[in-house]
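When the chains are written out, they are named A, B, C and D in that same order, and each has its own residue count from 1.
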């Protein structure tokens, strides 16, 4: 029997869609202040590139791509469900529902089932894929700080993972949301809060 | 406050793929004895038709459609994972991975996320969809009796649902498997075990 | 078949322990500013009393009571796990691990399994108990705003529940934490944000 | 980064209560044919002893100990819930709800939250405890073959674990149930089916 714990990391990219991250995307104007302010796209590109070099598994955790019939007759639409419905956000077979051109998956990356709400784990196979790949540490980046990122981080801890958040690899609707996640909430429950530079140096 | 429980049913159709249920499907020769013996296709058609008339929600719970990269580098392939991999079962974009022509979804039906293993609930959004539609009773039919059907039924009970099994709406590799589910296991944990005729009469 | 959705509420009381809410509790000095500022104990008493009158189910969702062996040899202690371990928080068989004397359960209330981290749903039977009691709407109050309350609310939405937060029925380590939950985060994903008075008026 | 998967096992003991395994227990007369026939108690003692020597983590996965109020006002009692209720099975603070005297936990063993139905994983912290201890392989023994054992095994596979079943470390109401699990079902989804002797030789 092995008597030690081998640690194995994965980078989880949450919702790097054109609707969020590209000029012309449905939410670009809403998020661009923090995305540009954090230098987020450039940071994600560096992180992805380093992870590929170091053979760290990359997993995309994408939001549901809105399609005909979605959200109809639901009992309890939350504000975020309603927003997705009204905007037809990440519409299936549309440019807005594609990943940002510079953040595309490559062969060997994994793509988890779509999430309907915020956590990349809830109602998806993300935990299962991590287990089948022997991964016990997750590194989170993407959109949106206080919704999908915060929820995925919280679920990660509840599921027994070591959770790292890249604090300049995320964006939001405003700096208040970033602050709530990075300063007020994550330090209470997360394991490691790093800049892109610190994360890359740690590999 | 409402002081009573309103009950609302859904029919859950598990894996009604050509690879199982149509001549020429990859597992047709393996399952045809029980599928034909139970008159399963004809029974499913009757059930689906009655459910549509009575506006009972129909939800498809489909298995993962095998695609490039699936199962690679997994730690622990189970015999059923290995079987799916070796057969390229329910191959994506293939006829075998389509639903049987007489058991096709219609507008208003729901299709849950794909399951990797056996339970239609595990690592999918099936529980979430049922909750959003106010459904607390599930009726199970499809393939395969002692794997996907039995596992989905067990999960259903653990998740708090009332679970009905249509005993002549299922098939398997042999009658021993049907017997294990219908006679030995389900009566210990399931709520209602009905023939197609009994189920339709109960609506 | 019923053609409408009957709604049924439960009040979920999270961690109303002496260690949080009573003078002399291990975290009383840390939380008293917000607990007193929100008039939280008095508000919870009113809410509990009204729920009993209206026969709304009350469910306690308590944190793990620290005992010998807990957290030993864990791979990834989060800051909150470490805090619980270091303080011997909610110690089993101690006064600090009892519920506040004015917020005691009565016959007919339910007590969910203990949670190890923050969400009252994670690794517990809370979802199962709610389903078995036909409840699809939850109302949250207790401690601590940006950890257990926020996480339980997020899980509630992911699990398909309608989620109400009593904004003056919660406390935290400081007002910044309250603000992050009540102003910045919950309005994005929660269904209803009410004062004690508004909640009681709504019953 | 570690580039290999270290495997770490745990022995999961399911429901080794006096009510099942001791003369005078409420279900002893019902299960004694298979428990004695499999030489189950003696086998479990050997397995536990070997696991302790090899420092393999032992985890108890116990059923809910029936107490006042349990199962009252539930929507959907399954036959097994009803049986537990009617027999007052594993009654809290009773001898029947204690573990068999020769299968007692020792310091360093873990005890998961109680399960209400059959799977040791459902609505409990078993998955979380396994993750926090870096365990990715589980070995199952205990009671009852086609309910708790089969359900826990199925959940284990869905959760990404390697699952071993000790085929003479289990009991049931009759040999038909044992056969359904050991011959008909487990070989389709489980990873390893061993006798006590084979398991010990493999350590």
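We adopt the following convention: a contact is a pair of C-beta atoms (placed from the backbone, for glycine too) under 8 Å apart; a residue touches a chain by one contact, two chains touch by 3 or more.
For clarity, every value in this text was computed on a predicted model and none was experimentally measured.
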item	value
Chains in simultaneous contact with chain C and chain D	A, B
Pair joined by more contacting C-beta pairs (B-C or B-D)	B-D
Greatest separation from chain C - chain, by CA centre	B
Centroid distance [mean C-alpha coordinates] between chain B and chain A, Å	32
Chain centre separation in whole Å, for chain D relative to chain B (CA means)	27
Centre-to-centre distance between chain C and chain B (centres being mean Cα positions), rounded to whole Å	37
Touching two or more other chains - residue numbers and ranges from chain C	5, 75-76, 116, 122-123, 127-128, 131-132, 134, 136, 158-161
Arrangement of touching chains [line / ring / star / complete / other]	complete
Chain B-facing residues of chain A, complex	69, 73-76, 107-108, 110, 113-114, 116, 122-125, 127-128, 131-134
Of chain A, residues touching chain C in the complex	5, 75-76, 78-80, 116-119, 122-123, 136-137, 146-147, 150-151, 154-155, 157-163, 176-177, 180, 184-185, 187-191
For the chain A and chain D complex, residues of the former touching the latter	1-9, 54-56, 127-128, 130-132, 134, 136, 158-161, 203
